[in-house]
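Structure record follows, encoded as structure tokens.
Which chain is which? They are A, B, C and D, in the order written, and residues in each are numbered from 1.
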Amino acid sequence: MQHRLSPDDAAFQQKMREFFTSKVPQDLRDRWAAGGEPDPDDIRTAQRILNAEGLAVPHWPVEYGGSDWSMLQRHIYLQEMQAASVPPPLAFNANMVGPVIAAFGSTEQKDRFLPPTANLDIWWCQGFSEPDAGSDLASLRTTAVRDGDEWVVNGQKTWTTLGQHADWIFALVRTDPDAPKKQMGISFLLIEMSTPGVDIRPIQLIDGGHEVNEVFFDNVRVPADQLVGEVNKGWDYAKFLLGNERVGVAPVGSIKRKLAEAKEHAGSVQTDTGTLLDDPLLAARIAELEAQVMALELTVLRVAANSREGKPDPASSTLKLRGSQLQQDVLELIVDIAGPAGLAWGDDSWTGLAAPTYLNFRKASIYGGSNEVQRQVISSGILGLKG
Amino acid sequence: MQHRLSPDDAAFQQKMREFFTSKVPQDLRDRWAAGGEPDPDDIRTAQRILNAEGLAVPHWPVEYGGSDWSMLQRHIYLQEMQAASVPPPLAFNANMVGPVIAAFGSTEQKDRFLPPTANLDIWWCQGFSEPDAGSDLASLRTTAVRDGDEWVVNGQKTWTTLGQHADWIFALVRTDPDAPKKQMGISFLLIEMSTPGVDIRPIQLIDGGHEVNEVFFDNVRVPADQLVGEVNKGWDYAKFLLGNERVGVAPVGSIKRKLAEAKEHAGSVQTDTGTLLDDPLLAARIAELEAQVMALELTVLRVAANSREGKPDPASSTLKLRGSQLQQDVLELIVDIAGPAGLAWGDDSWTGLAAPTYLNFRKASIYGGSNEVQRQVISSGILGLKG
Amino acid sequence: MDFSIDSEQKALRDAVRELAARRAPQHGEGDVPVGPAPHDPDTWSALAEVGALGLPFAEDAGGLGASAVEVSLVATELGHAGVQTAYADALVAGSVLAAASSDLLSSLVDGSALVVPALAEPGRGWSLASSSVHASGSGDSWTLTGSKGPVPYADAATHLVVPAAADGGLALFLVEAPSFADGIATFDGSAATQLVGPADGATALAAAVNLGIIAVCSEALGAMDAASTMTFDYLKTRKQFGVPLMTFQTLTQRAADMYVSLELARSTTLFAAMAIADDPGDSATASRAKVVVGQSGRHIGQEAIQLHGGIGMTAEYAVGHFTTRLTAIERTYGDTRQHLASLASSLSDHDQVDVLA
Amino acid sequence: MDFSIDSEQKALRDAVRELAARRAPQHGEGDVPVGPAPHDPDTWSALAEVGALGLPFAEDAGGLGASAVEVSLVATELGHAGVQTAYADALVAGSVLAAASSDLLSSLVDGSALVVPALAEPGRGWSLASSSVHASGSGDSWTLTGSKGPVPYADAATHLVVPAAADGGLALFLVEAPSFADGIATFDGSAATQLVGPADGATALAAAVNLGIIAVCSEALGAMDAASTMTFDYLKTRKQFGVPLMTFQTLTQRAADMYVSLELARSTTLFAAMAIADDPGDSATASRAKVVVGQSGRHIGQEAIQLHGGIGMTAEYAVGHFTTRLTAIERTYGDTRQHLASLASSLSDHDQVDVLA
């Protein structure tokens, strides 16, 4: 057991820190740190700066831009990126469709899609959820029927995050409605958003933003070479994608940065006896969150060392569950610190963004597998409690 | 709406307060307040003092010693009794078997049992739970087979509180093993503990005490006139008994007294800067508990006014659930206040009793219908959520 | 101790329920307003018409001679319908005007003047004990220096009630036709009228804010009730994995906990309204209510969204708006932590909390 | 950053696991001891024999030259088996003896002396900052006046390490053959040997208690692991309503939360052991570990009983004993609240908590 970084890892950490803080423009990082609705150009700019340095998709195969890093190094990379408020490479590209294409796509698909995916020349969005499915993802009803060299897609997806900026969508579609189980008969299809018959409608969230969308497919004709892997095996690829990694599933670096900001904010709010940072109850809450976030980060580091890459991993559920809780707790703390100033919305000050940001991140325990689903994965997958 | 007591109720309150604090001996009340294993003689003495004044069984029919009080008066009576640390009339007598006999027993049974039950000349214990049943009370397997003028009882009961002091047990027994539903075919039987074939074994709890027991029945012959109400209707009587009342289901007065003691204790523990009562975090926790207990008491008062006497009542579940939580929270607070002194057990000081008492009352969310069962009653009985 | 309402109170409640239903925000496809709502003169006039604005003030001061109990009934209905107004703020201001026997109270009551309190200060946490705005002058001639804000409904306010530090303590002032920049009112030797002098300022302000606390707690009660009911209904009707959500025990157990939180908040809010009606200075009861309602509101607001899942996050569905409002209310007139700290400092005043007095 | 253990550490762990299994309390029908356990000389000798008592102390001081990491492995096994000992206390005392280069350390390590710290004081809350026991004297001649207690394992202790107020600050003293009344040691001008003077007393004491915190956190980790595993197994095997308890989703969801608590406590305990091995004075990390383990232990201890139901309350079943021990550990060497208060006072020392240093 050893808690200090090896000299190599310490050097790696230093290199990452220098890169993120010197090569990604300060104004871009400041905008990202402030929160609110993200600027797609900032996301593109950041990812291209990273990609130019070979840092956009380090967990991909080396031949497509990956780096052969240890789990610890991947954690350090993410931690430093988040600490520097660098927008992370778009998750739909870097963590979702990219790894699926790299693992299951044809050589042609890899060569066609992976380079622009790494460089965010293609902006991907995810077409998994459907209006009547909720946590029961596999009950999806969007269909794709083969017609010659094409698939004809009909149906509707929802909760498509940042879909309004997307060039392409990767979608789960039902290609065999007669399959004996709902998880069978599903395929993984790549669809260009500009294809005739694709329509998108933004959904307004309670913070006023529009980060999710409904996507409608009306007789959308998709070339057959845009189906990834085997027909009717799409559920396997989706599971691969969803349980893909332990590192990064809990946004520890972002949570730590937000908590550090919370301390700074608390120190800036005057009270009758000093600042809010001197308030014993508030300070104890901050200290508690620091301890709990430390426990989460250490758990990320500990379980990452035992990762079973490529298999759905119930340990990820632990990190997703706890990560979303702590993220929500820290954002709620900031609403408390903002206090009466946070009752006014509508400007980009930290007080004005506190409540909408808190409300926005209530999604963290719903999207990407609700916390109830994560607990179910833990109880059945780790504890062997089969209901 | 009116939050002050009417002159009549205020006078009633004053009368109760005077009675409990002047007529029940101080040394007895001090022993009760200290906690630990209860002395059965103290319980007998207290109940007889109350009964002599007509205050042991106020919610019984007037002809058997009851008083025609309002729900508010019953609350005041309990509140003052608990505030004065008077041992309450034994629940098995006053709140369980007594009301059942009064409602469903024959005139003969009423005359035979109710007076000694009110006066604790008979000490009753409860024979409902069985080792393999848990929350599934209706799956009980103790049988009673009719043989002439007698029922022959075989089986085992468990979690029989204070059974070691009991003269009689009221038991649910299966009288029709072929009934189509497990809730049918159960009868409500009164059994003298001295009957041949009744055996009792105390169960030690984690605080070291012996307040619960196993009771074994080996061909125990019970006269047929000791069956209450109709044969095979016992489950109805048990439901009546369990959902009998809203007032008293949450021990608000006891919780408030313990919380007041906690403050006193905290004020007695010196710190580097004063006493524990000056510790901002501890004081805030006490303030929070005071507010939460107030909310509970007000809810008792509010729902009591709408009581549906005699029917199983999901509102009781709200009070039982929240009452057990707050009771446990206050007892845990006292362990915190005891601090390092509470690490030593074995004397009757408040510090020495803090941890064992806290541990003992983990039962509060298990016995008498676990909190999970209470939530189930609320969700199905009040919210209409039928799983 | 009696939690039931009489026929007059019931008539008031029904009238406001009907009013609130008409003024309730409409959700549905397409963008809707989110977050704090601007002042709506039509709703305000309607409230004035049913007499809601004058309820707690004595008739000889231009009020209706009812009490905080009636305020609570009104605010609960507004909260249940999701109608945001300056009701609580106007009552805080009105309470100070009443204490000062100000003629302006009648204009507040009839809705022609919108008077709100300016309590928050830029860069400072919530405090009723002090003010960084300073007052100087005497008699009819006072000036204020300093800043207050964000001021609720700043865009529409015709007058402000401003606590300011004066010789001898906190005094309360009236500022007419205030001007704002980004919701902040800056006083630069601005003229003001003294409403309550330093001898009584802190007491009058505390009583006024206690009334405001009753109003926002009641509004929260209505919002919690609506959000809970929507959630229970959703669990009954929404299917997943081929069965209604209420088949999932983890959800129904949590629904039961929501119900318990709601009932605790209901009892406490009603009691606090009665207590403040009886003694407007009973800040301990107001603080306890704020704590209980704050915790219940947080619990119910968060669970209402979580149990709904994604739909609960959307602006086209009402439940998230209730959570938004509950989030704001918890930080209005002092948050849970601040009220706990205030209660914590007076634990030695009493042996037990006595609700049967 | 590496959480894996080497073969030597694994051998130590296995040896202690075997030892602990032999010394574990037997439950079953009939009465068993509950609550704090008395000193058991046989278990103590066995621990001395495997070298457990000397692990964190330098070889030239009579120790084994291992570290807090090995202490953690030992204590985890004891906790998992439910074996209560003076291990943490002896290590706190030993750490002070080592700081003082005391010859007594070798007797502590070989088990012939039982040296424990006397930290608590009658009628006073937990504090490492002050002592109401006063020391006077100089050089080899010191006397103590005041009381300490309850002292752990008072019945068996051969020596006490006593922090006392001396000129210039807190100094640490050794008292031989102490006498007790009800676990309280009263010093009435009693002779004592100074181990660490006032210049270094507070620092040495903090480092010693940090080691004790590692030991009790690790013991708690073992207890949580055992209680959780028992609970998960119970849910699999115990039937109610005709089906295994694991059919009830509300129970399995709560089991998942227990598992999360356990894993957080595990990571934190292991890390804190490494950190204290590296820097015995890292009180911030020790406090954070105490907080995380305190909260996890409380959660798991309470849920383990609740999910078992009635059987979990009985002394004949092990799970309640684990909860008992977890309850005690949370209040040993400062409770969660006190460590939070300590951490809260130093928030400005750092921007973020950095575990990758």
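The rule is short, and it goes like this: contacts are C-beta pairs under 8 Å (C-beta built on N, C-alpha and C of every residue); 3 or more make two chains touch, one makes a residue touch a chain.
Quantities reported herein were computed from a predicted structural model and do not represent experimental measurements.
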item: Pair of chains joined by more contacts [C-beta pairs], A-C or A-B; value: A-C
item: Geometric centre distance via CA averages, chain D-chain C, whole Å; value: 49
item: Rounded Å distance between chain A and chain B, as computed from the means of their C-alpha atoms; value: 52
item: Rounded Å distance, chain A centre to chain C centre (Cα mean); value: 38
item: Whole-Å gap separating chain B and chain C, where each centre is the average of the chain's CA atoms; value: 40
item: Sequence positions of chain D contacting 2 or more other chains; value: 248-250, 253, 337, 340-341
item: Per-residue overlap in chain B, given as positions that touch at least 2 other chains; value: 280-281, 284, 372, 375
item: Topology of the chain contact graph, where touching chains are joined (line, ring, star, complete, other); value: complete
item: Chain B residues within the chain C interface of the complex; value: 1-5, 9, 13, 72, 76, 79, 83, 256-257, 259-260, 263, 267, 277, 280, 283-284, 286-288, 290-299, 301-303, 305, 318, 321-322, 372, 374-376, 378-380, 382-387
item: Interfacial residue positions of chain C with respect to chain B in the complex; value: 1-5, 9, 69, 232, 235-236, 246-249, 252-253, 255-257, 259-260, 263-268, 270-271, 273-275, 278, 287-288, 291-292, 295, 337, 340-341, 343-345, 347-348, 351-353, 355-357
item: Chain C residues within the chain A interface of the complex; value: 30-32, 34-36, 119-120, 122-127, 129-130, 150, 152, 182-183, 238-242, 248, 250-251, 302, 305-306, 309-310, 312-316, 320-321, 323-324, 327-328, 331-332, 335, 337, 340-341
item: Sites on chain A touched by chain C in the complex; value: 129, 132-136, 139, 158-159, 203-208, 212, 268-272, 276, 279, 281-282, 285, 335-336, 338-347, 355-356, 358-359, 362-363, 365-367, 370-372, 375
item: Parts of chain D lying in touch with chain C, wherever the complex brings them together; value: 248-250, 253
